[in-house]
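Order as written gives the chain letters A, B, C, D and E; numbering starts at 1 within each chain.
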Amino acid sequence: MFGKNTFIIAGIIFLTLLFTAAAGCIGSSPTDQNAVLKIATPNEITEASYYGNYNFAQITRVATPPLIQVDENGDYVGAVAKSWTVSSDGKTWEFTLDPNYQWSDGTSLTADDVKFSLEYAAEKITTAPSWIKSAAITTSENVVTISLADPVYRLFGDLVAINIVPKHIWGSIDDPEEYISAGPYVGSAAYYVQSVDTNSATLVLAVNPAWKGNAPYYGTVELHWFATEDAAILAMLGGECDTYWKYGASFPTSSVALLDSSEKFTTVETPSLKMSYVGFNTISSDAGSDLAFRKAIAYALNYDELVEIGASGYALSANSGFIPNGVPYYKNTPANIYNLATAKLMLDAAGYKDVNGDGIREDTNGSALTVTLLTRDKVAGELIKEYLQKAGLKVEYKFASDLNAWVELKDAHAYDIAYNGITAKGMMMDSGWATGYFASNTLGAGKLQNVDDPVFLELCAKIATTPDGDELKALISDLQDYYSDNMPGIALYWSTDVTPINTEIDGWYISKATGILNEINLLSMHPAN
Amino acid sequence: MLILEADRISKSYGKVAALTDFSLEISAGETVGLTGLSGSGKSTCARILAGLERPNTGIVRYAGKELTGANPAIQMIFQDPAGSFNPVRTIYQSLSAVLHLQGVPKSQRRDLLSEHFQNAGLQTEILSRYPDQISGGQAQRVAIVRGMLVHPKVMILDEPTSALDVSVQAQILHLLKDIQKENGMSYVFISHDPSVVEFMADRVISL
Amino acid sequence: MNKVLARKLVRYAVCLLIVVLLVFLLPRCMPGDPVQCLVGEDVYLTQEILDSVTAKLGLDRPLFEQFQIYIGDLFTGDLGYSYTRHQNVADLIWDRLPWTLLLTGMSMLIGYAFGIIAGTWSGWMTEKKRAKIMTGFGVFVSCIPPYLLGLIFFSVFVYQLGWFPYKGFYETPDFFSVVYHMALPVLTLALFVFARNMIIMRGSVLTEKNQLYPQFAKSLGIPRRKIIYGHVMKNAILPILTHFAIDFGFILSGALFIEIIFSLNGLGRVMYTAVLNLDYPVLSGLFLVIALMAICANLIADILYGIIDPRVKRGDDQ
Amino acid sequence: MKFDRRYILPGLLILLFLIVAIFPGMFAPYSISDRTATYQAPGADHLLGTDNMGKDIFSLLIYAARWTLMIGFASGLLAVFVGTAVGLLAGWRRGALDEFLMGTTDIVLILPKIPLVIILAAYLGPSPWVLIFVLGLLSWESIARVVRSKVIQIRSSEYILAARCLGFSDCRIMFKEILPVVFPVIVPKFVLVTAAAMISEASLAFLGLSDPQTVSWGGMISDAFTYSGFLRGMWYWWLPPALCIILGVLAITSLAFIHERGVREVMQL
Amino acid sequence: MKNILEISDLSVSFPGPNGKIPAVRNLSLSLGPGECLAIVGESGCGKSVVAHAVLRLLPPGTEVLGRVSYQGQDLLHLSESEMDQIRGQEIGMVFQSPERALNPVMKIGKQLISPQVMHGLCSEKDAELRAKGVLRSLGLDADRIMSSYPWMCSGGMCQRIVFAAVSLLHPNLVIADEPTKGLDAANVTDLEAMLSTVTAGKSTGLLLITHDMDVASRLSNRIAVMYCGMIVEEGETRSVLSSPKHPYTRGLLGSLPKNGFVPIPGISPALSDLPNGCVFHPRCAFAEETCRTDIPDLKDGVRCRRC
């Protein structure tokens, strides 16, 4: 009997221990299944199309991450790929997969999935980059090898946009851009897209049970979209949502003052890759192709006021080197300075004098110095027009009320000076470092294509084919000198990103490319104590 | 002397025949009465005789010539006295326009109208009133005056007293008789009331 | 009735033809590349796809042949393809249409019912102070741009008071959630419908009031309520019916603004997004569908007219 | 005819708006290109504060009257011109021409206006002129209808018959006898079209379909919402133009209603 | 015999732009059962106003003074709902222009049945039978009429339908307001026949408002002549018509066709601008100085100094 009792007691002790251990396990698990993080956004998902809808596609980066992603400093770090190597000729890239990423339906993520995803994108997605179409992709265990026909070094800018998706799901879907489903979508990261409902304007991210990495705190992350920015912000202030996100954009700077009055939110300012600039038509404009004229104009623009009014103060005055200080290989160049008197003197010196005394300068032919200003932005356009007029120029104001009109005018080079903005993604386009906006041999609706200087075009070509390293650094330095000396465009200001920070939440990790909606941040966010 | 003549005229509106094979001869200075129940085509007949409508078949001759449209020599007086005047113009404005058509200079118009008004037993204050500000009897007198301004040879009176009170009716009938005596024109007098027609007309035709 | 209806049908057919022609010609007659005008401005397509669009729509062929292709497409329910949304325009509209119809339908139901009753009442009791206030209110509301009232309601009832949700047709797709979410947008839109109908109804009742038949009914001892709502209303409602069709277009465009403010993913949002992206196929398709709906509304109004006013059967024009 | 005291208030308001629209310089303390500090609250210097560009909102309000009223009245006039011509012709000539014109009117009536304006503005680019033409050319149908039915009613009336008997020409009858009688029913329609055009302009501005180079009340409201005037609680930015639109439309509409009532009284007698 | 209707000192005035416009002034009348009283006068004399005042059908804002007693009840002080009980069931009214008196979009059957049911006279089924019976007795195809709309019927038919609607409720008093206005001779005869059945039972009174002396002479026992809102002469129909006392009555009769269209000189004054004293004095050949200042009393049914 004693033995029996001993067994019972031992059993009880064992069971108690077991339960305690189990309870301890549950207790130490950081995921709170009932905790919900609600994100407000003005980026409406108009239809539940994983590939077809632009805004949906931005969010899927979190659930089905690409091989690599951008960190808070703008550097590339691994996502599905844990590490990578590149051959010296720049043609062979090897990516080793991170075993933490597993499909949420229980199947494992294999190199085959990666191969499929890259080929799938090349074949099915209209916006896929051209190099991928001619690449050969091979797999071995957990390594994916991409062999390129020509060396490409600026590969990552494209790779961050190609999601790695499950082959066993998408393999049977012929036209991904047309495929519509309310979910769930099998994902590989900490969260997968559980449902998306355009009627309730809600997307639900649920914790991936197969995820092997650090567990996130929030059991569910909801994305709520609103038809207007105002509604999104009001929902935030009204306590409906915990934070705000907009793809590729700052929190509206003119509304930042509003957050300061709210107890729940404070703001964080981070330098961004976005900027505003004016470009000169150096190809067919008389004045625009005159370097002395361009240099004079650089003194005529009131940068401080542009920062104040155009960005509500949330921007930095720019340098003549054009590229924002957050970009890799940034170097210090002389700052842009507003000095109207200098501008006038320089214009005089360049031969644009007001001979007949009517307040408007004449060009070398004796007719009034008229510049055509092309813009799509009401506020900046009006300001620049005023600055030019103050410098004694006659301004013909061409306001393009829609992109169509703007593209038509700029493609016809029907301007002398054009105002435009550059996005984080645009900064990386083509050869990177904003060259895509200037080089006349590029194509695209937002690009000015206003420089056909062979020196510049050669520089661009070199940058595109040079691997990271000192050589690239030297080239980028040259590029900034070129911008500074030749002024094909003048940076007006470098934008600052404003992110509203909910004081009840800790662990913020704000990426330069994707703001708060990035994998790293979702894993680290948790309620403040 | 034959002045107005309808020769076998017919008129129909859609499928409804308003008038069939109707003939009428009117001599200068005589009064022909037309009577009949409502819907017997009295008004249609009046309008055709006045040249306001064309008959489907048959012919209307005025002074031996075919009547193809309205002719100032044939005037018409209507049943609704107030409706015979443009509601947004004063009586003077309405009448003055007729005198303008006659080529009477502006300066003489008011005097001329005052004279006519006195003859018709009307006060000259009425000239500055709007049609809705005068009584039915007054309006009918003004309508008669207006018709007389163009010196017509034939006057077609389409139920001119039906909308009036009996006492006013008597006044108007006497006025019409007086005018005819003075000017010697022909009347086509139309009324549904046989006693009124009998009182006015030299001969009566029943439709 | 048949003669009148037949004539109306001819007019509707011509109207439809004009709308179709407009939608067909607009992109083809615009300066610039018709292909770009047909696929929209904000999309970047490979030459391959542009060529296939050209081939499919026959853009390299004479205008008449293009029109034949176009009409053929329309008959098979093909309203074109949105390259910005990667969807057939017809599917897209078909998907969103029920929600917009729900919004407009509910608003019209409420707005018409209350508008007609209130209009009848205030038309009959013109001298009463409450009726005057009601009329003034109606005129005032109809002078406000719809979106402005929507914004003010949103700010007050949603943000300040928190009585209504911020967005969406529902939270969870069940009846009560839909009712809760649709309440404020429907009421906002209904207010405009109400104001318009009240004013029209009031004027119409004022005219009917002076007719002889209500007097006769009164002399027979029929109580006032029965005269107003039994006799006069039926007659006075006819102008409302004539306005039904015109109103339908108005209400639909009102719904557009309401959907934007209350973040409802209906046709209005589709149109708004299409305007922002210059998604011409969607804009054209929407316009076609809205015009078609307006024509149907006219047809319904005609039929209702025939039921309520038996005089129409005579075939009178007036 | 006696002057109706009810006309005074709305009449004065419209008159004020018109004077302001014609001579904005006399009332505006600043020009529309003057700028100072942004987002100022109302004060002695700036009656209604300043906007996102530091412009004086009160001055903008005054300058905006011009385009808003212009769009309203121009489309109203256009609609009256087309509608009266169509109505007169259809009513006077009747027959096949009438059938054709009224068929056209029916068709114009059915076309949904706002969506059509939106699609045209999307293709042609937003400009106040597009707005005026589209709104004007789509709003004449109700005018044509009332004019036609009035002309039909008048043409068989006895005073027109009398005028024909007296030997007046068709042309004269049309313009001197019929038009003045028809005129009272046109006036309320004209102002209603004007009011509707003003509301439409404001609505399209909200969609971003307005020309940013023209200052209008609708554009101001739209700006206030685009540049967070609404969120910042700057009611003095969006409310005054909104009130101007509402008051303007209200005044115009009430003129129409008063007039219509007057017309009804006159016509019944 | 007790009078059905007694009107004493009735004054009605409408609001006008320059003060009140008197339409009826100090009018007193009485009507017994089985009797027909005709009020005759020319347009604008206020005769229809009397009819509407009795049934309280005048537009709001009208000032009504005096006493209208129906079988001892003062109608002017009843509530609207009490009045609804009187209207139709106790006092019926035959309108002029019968086509316009019927609701154009309601079937005639319903318009005949619902008032009966409303007054609780009978069930819907009986009401239908009764309505058909009355229509048939008026010589109409009852079944067809009941299911048609008013605009499908001719003027004569509408006239019978309106009469049927009134008589179905068995009122004790019928008011006929200008029933012959705008009618053809044949229809007038028809109507007279219908109206004469009203008083035939000797219990129902008929108040006939008309401008037509002939109709009045054929239907009425007594006649009251109105001029500018006042009764100028009242009496037995036969005696008034054969030997009129008041100069206006005489003039009126003289204007008739059978008397040779002898006109009364001058025109009726506007109600807003009535002459002082006797309203007829500016047109009266026998006017005396006192006629210009004093309104004569109604003596022996005649309101005139000299007579």
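To be clear about the criterion, contacts are C-beta pairs under 8 Å (C-beta built on N, C-alpha and C of every residue); 3 or more make two chains touch, one makes a residue touch a chain.
Predicted, not measured: the structure shown is a model, and the values here were computed from it.
Chemist: Give the chains in contact with both chain C and chain D, ordered by label.
Modeler: The shared contacts of chain C and chain D, listed by label, come to A.
Chemist: Trace the shortest sequence of touching chains from chain B to chain C and report its length in steps.
Modeler: Contact-graph shortest path, chain B to chain C, evaluates to 2.
Chemist: In whole angstrom, what separates the CA-based centres of chain C and chain E?
Modeler: Centre separation, chain C to chain E: 52 Å.
Chemist: Would you mind pulling out the distance in Å between where the CA atoms of chain B average out and where those of chain D do?
Modeler: 46
Chemist: Roughly how many whole angstrom separate the Cα centroids of chain A and chain C?
Modeler: 40
Chemist: Would you mind pulling out the distance in Å between where the CA atoms of chain A average out and where those of chain E do?
Modeler: Here chain A and chain E have centroids separated by 90 Å.
Chemist: What parts of chain A, by residue number, touch at least two of the other chains?
Modeler: 228, 234, 402
Chemist: Using the touch definition from the top, which residues of chain B touch two or more other chains?
Modeler: Not one residue of chain B touches more than one other chain, so the list is empty.
Chemist: Spell out all pairs of chains that touch, sorted by label.
Modeler: Every pair of chains in contact is listed here: A-C, A-D, B-D, B-E, C-D, C-E.
Chemist: Which residues of chain E touch chain B in their complex?
Modeler: 42-43, 184-186, 211, 213, 251-252, 254-258, 260-264, 267-268
Chemist: Can you check the complex and tell me which residues of chain C touch chain A?
Modeler: The contact residues of chain C facing chain A are 32, 41-42, 44-46, 49, 85-87, 92, 95, 99, 154-155, 158-159, 162, 166-173, 181, 259-265, 269-270, 272-273, 278.
Chemist: Flag every residue of chain E that touches chain C in the complex, lowest number first.
Modeler: Those in contact with chain C are residues 55, 57, 60-61, 80-81, 84-89, 92-93, 95, 97, 100-106, 114-115, 118-119, 149, 151, 162, 165-166, 169.
Chemist: Touching chain D in the complex: which residues of chain A?
Modeler: Contact set of chain A toward chain D: 228, 230, 233-234, 252, 254-255, 257-258, 308-309, 312, 378-379, 382-383, 386, 397, 399, 401-402, 405.
Chemist: Which positions of chain A touch chain C when the two form their complex?
Modeler: So the residues of chain A in touch with chain C come to 44, 46-47, 49, 51-53, 126-127, 177-178, 180, 197-202, 224-228, 231, 234-235, 237-238, 240, 402-404, 407-408, 444-445.
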